[in-house]
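Okay, here's the structure, questions in a sec.
Chain naming follows the written order as A, B, C and D, and within any one chain the residues start at number 1.
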Amino acid sequence: MTLLYSLSGLSYHIQSWLTRLLGNTMAVLVSEMVIVGLCLIGFLVLLSFTLGYMERRVAAFMQLRLGPNRVGPKGTLQIIADTIKLLFKEGLTPTNADKFMFNLAPYIMIITTMLVTAPLAFARNFQIWDLNIGVFYVSAVSSISVIGILMAGWSSNNKYSLLGAMRSGAQIVSYELSIGLSLISIVILTGSLRISDIVMSQQNGWWIFKGHLPALIAFVIFIVASTAEINRAPFDLAEAEQELTAGFHTEYAGMKFAMFLLSEYVNLFIVSALAATLFLGGWMPFHIGSWSGFNHVMDFIPSSLWFMGKTFFVIFIIMWFRWTFPRLRVDQLLNLEWKYLLPISMLNVLLMTLVALLGWHG
Amino acid sequence: MSREELKQRLSEICPSVTFDETGEFLMAFFTPDVFLTQMKELRCATDLNFDYLFCMTAIDWKDNFTAVYHLSSTPFRHALVVKVKLTDKENPVLDSVAGIWKGANFLEREVYDLMGIRFNGHPDLRRLILEDDWIGHPLRKDYADENMIEL
Amino acid sequence: MFITEYFKTIFRSVKSLLTGMRLTGYYFTHPSKTLTQEYPDNRKELKLADRFRGEVVMPHTEANEHRCTGCQACELACPNGTIKIITKQEILPDGKKKKRLDTMIYNLSMCTFCNLCIVACPSDAITMSQDFEHSVLDRSKLRKILNKPDSKLMEGVE
Amino acid sequence: MLIEEDYITEEGDFVVNIGPQHPATHGVLHLKVWLDGETIKHIEPHIGYIHRSIEKMSESLSYRQFIYVTSRMDYLSAHINNQACALTVEKAMQIEVPQRAKVIRVLMAELNRLTSHMLWWGCTGLDLGAVSPFFFAFREREIINELMEDTCGARLTMNYMVPGGVMADLHPDFQRKVKEVIAQFKVNIHEYDQLLSDNVIFQERVKGVGYLSKEDAISFGCSGPTARGSGISCDIRKLYPYDGYENLKFDEIIEQGGDCWARYKVRIAEMHQSMSIIDQLIDNIPEGDFQAKTKAVLKLPKGEFYQRVETARGELGVFIVSEGGTTPYRIKYRSPNFSNLSALPTMAKGCKIGDLVAIMSTIDLVIPDVDR
């Protein structure tokens, strides 16, 4: 069933049109890459605008406030105004900073986050690169972002930045483990690292329902650990405003700061999309057993909406964390990982293996 | 300890002490030379136990500086005001009590900063509130500054 | 036992975290509990307390009369030299010379709104107004002359 | 763990300047912090960035005028500061304050203490990284501030106390509004517990952090909730009652822990005590004058006068030396935060940077009060 508004159909049409127009395989490939790149950048910028607006409104409603409501209808253009402000600000570089490293760091951050978006399945048959080690690729590439943070912290020649970067290094390296283990527990069930396979395996039920208790535990651990991985409150020790003023990006201003901000929001989207893909069925609609009528209605909702809806649900939960909890201290942060999350997720992987071996995941 | 008992006890510690009973608290005038040992006695004697230095300041009189120590005792709840007159207006010096009450560290630095009384034996006698290169001590009555405005 | 204690800790912690999230979630789903006052929009409805100390004003009647005798009590009472009163000699119809108010200069930039001048005034010539929007583009505009031009002392006020 | 020798500072140490502009110092406090990794070896507070020489200024102000300046010291408990000054003048001149004025003063002081503790609670959450408590704290605080505006004419620096009573009578709506806000706060204070006190992350952050022993607290001259968290009985309202506190039923809150959690609990319990005091008084405001008859120009007799009150942060002492004239010869304000701040290096030794923020917020520093 190909619906008119399905994204896969659209991409197929564009490809066949390009092939007719150019003929040459190489030319088609290059022009497709350019189109995809531009669309992706546009999408991510639009996404971070949305998330920025959403974060402000969510925060405001949780804090008995209204949030931005002056610029544009319901304050939607506020974030654009802020972006314009950041664009026109002078991109200061401190005198004693390592200039090359200092200017390189935001690009590393943004490039790694953009790379991670490649294997995400945005809709049915709509993926930039469906490589066979998708999950592994995501966890491998996303760890590069810590290099950007360390680089920013070290090259700024600022003690706050250095402390923030060191904290962030310790934090990301440790929480990578729990993320990896909770990803593995789903991979055990699917038997494939390919994202499209993982989504397809959830056709008759999402893993969070089919995987019994271990999948639920893995989901919770994934959410907690990925909140830490992307340096968001309550794990935002790397920026920790009240302690380190702004942590690793204390010295950044203007567009370079905006890049850190952009990569933060894109990271938020990526981990939520991953959680939605692995546990909540990606673009798969919500089906209940043999209720065929209900299932048909659900099928009529386009797959991209399903994916976005699930992703934004997870994003909302992570925002909810941020606006409720106080921040952990650096040693408590590591305690939480090494004493609680890691042992539990190890045990959980064992349980999951048992579930897979016994074939309970149907 | 009642006021009479306090007076008697203080006379034992310091025979040269004089009293002034006009105020709310009993005021005892000590002399600067043996001041430190007497203050130690006030703090350490088990029946006096003045462990709480709640206010310390200095007054710039015409002919002297008077350091004022408000002491009280948390177990016994009696209070005492110790005063020391420093007749040297040019270069007033007094022994530091920062070793007896830890809070005196900051209080003495403040008094040094604003009144210009030097405290012997203070661990870290620097200006506390004003900049290190400030000239003069503002709370002195003869302090003048070109920025002062007369209302 | 260690293991039970371990899991109890986890349970308790998660429960306490969920309690907090329930509270913020409750307010998220009840936008009517928002407390924000949208200030420049609600300027019309905005009603300040009648004792609010905005700035010192001198009420004038329709006949351009005020109650200030120029006694300088407010000038003396003011702790920061905000008020300056300049007096003039006026010759009354019966030939007596009388001290009268010439200008009352009020420097808003120095005022701390302590209300001491109002309390000190023996003839209730000055009051505090409820106007609180004081920002101006030039500092010199904060220096105000309170008595209107050609205003007179009200009859019967001494 | 660091051993005692590690605390010795030397050349080449990692020194971080926290402040004078920093989100967590509640003003312009400058802390020079020697670090070993994240662990604090030594702290040196540098103060004076907003020293306005209130003591010197007061020497040239009359006894009616000098009261308003003290609102600018501890601006969160401005009423109580003003009350201390008024009480000193009354004590020196032996002015008999009418009963109604006393009750109004206590009411205002307790409302002021409530607002101060509310703001403290919000700031504690904010300092520890939870932003939402700040806005929850402002909900009732805003209503009380409006109530102050009704009666006193200003929200923060009220200048409502005058020697001999209060400046104006209560607003006709005052009683009703106070009852409403107290009833509302009694319900909403449970949200404070849900949001912060019971939160496991918050408890982990404050329990066992910033320990101040009883001996140290006394020796440093700490007062208020900071000292009461270390087990010292130092509530001036109980020990040296003023303005009719002796007739009221309330408990002095003392916790033995000495850590941030103990100080936190003291403040939360004090909010309940303040509410109970307000409950006792709000229906029993006696009729009568709100101000005693005083001369236009006040002249204090020659002598030295000391009056202490319990502000939201501790013991505020006003020490006036009078030569018999219309202005004080010397004024010394014994401010609670000054002594409490001097204990900060001891409390924070061996803690992490994150703990330093927690300690500063539970001492409830107000920097203008330190600098004066």
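The definition used in the following text is that a contact is a pair of C-beta atoms (placed from the backbone, for glycine too) under 8 Å apart; a residue touches a chain by one contact, two chains touch by 3 or more.
Predicted model, so just to flag it, every value in this text is computed and none were measured.
Enquirer: So, comparing each chain's Cα centre against the centre of all protein Cα atoms, which one is closest?
Expert: D
Enquirer: Suppose chain centres are the mean of their C-alpha atoms. Which chain sits farthest from chain D?
Expert: A
Enquirer: For chain A versus chain B, what separation do you get between their C-alpha means, in angstrom?
Expert: So the centre of chain A lies 64 Å away from the centre of chain B.
Enquirer: Let me have the rounded angstrom distance from the C-alpha centre of chain B over to the C-alpha centre of chain C, please.
Expert: Comparing mean C-alpha positions, chain C is 42 Å from chain B.
Enquirer: Based only on mean CA positions, could you tell me how far chain B sits from chain D in angstrom?
Expert: About 25 Å separates the centre of chain B from that of chain D.
Enquirer: Averaging only over C-alpha atoms, locate the centres of chain A and chain D and give their separation in whole Å.
Expert: Chain centres of chain A and chain D, defined by C-alpha means, are spaced 45 Å apart.
Enquirer: Where does chain C touch two or more other chains at once, residue-wise?
Expert: Each of 17, 20, 23-24, 35, 79 in chain C touches at least two other chains.
Enquirer: In chain B, which residues are in touch with two or more of the other chains?
Expert: Chain B, residues with two or more chain partners: 151.
Enquirer: Return the residues of chain A touching two or more other chains; collapse runs of consecutive numbers into ranges.
Expert: Chain A, residues with two or more chain partners: 62-65, 323-325.
Enquirer: Quick one: in the complex, what on chain D touches chain C?
Expert: 61, 64-66, 68-69, 132, 139, 142, 146, 149-154, 157, 159, 162, 167-168, 171, 191, 194-196, 198-201
Enquirer: Enumerate the contact residues on chain B facing chain D in the complex.
Expert: 22-25, 27, 51-55, 57, 59-60, 68, 70, 74, 77, 81, 101-103, 105-107, 110, 114, 128-131, 138-139, 151
Enquirer: Residues of chain A touching chain D in their complex?
Expert: Against chain D, chain A makes touches at 59, 62-65, 159-160, 163, 167, 233-234, 236-237, 240-245, 323-332.
Enquirer: Touching residues of chain C toward chain A in the complex: what are they?
Expert: By the definition above, chain C touches chain A via 10, 17, 20-21, 23-25, 27-28, 31, 33-36, 38.
Enquirer: Tell me, which parts of chain D touch chain B in their complex?
Expert: Chain D reaches chain B through residues 47-48, 51, 53, 55-56, 60, 91, 216, 218-223, 232-234, 239, 303-306, 308, 315, 317, 319, 321, 329-330, 332, 334, 338-339, 341-343, 346, 371.
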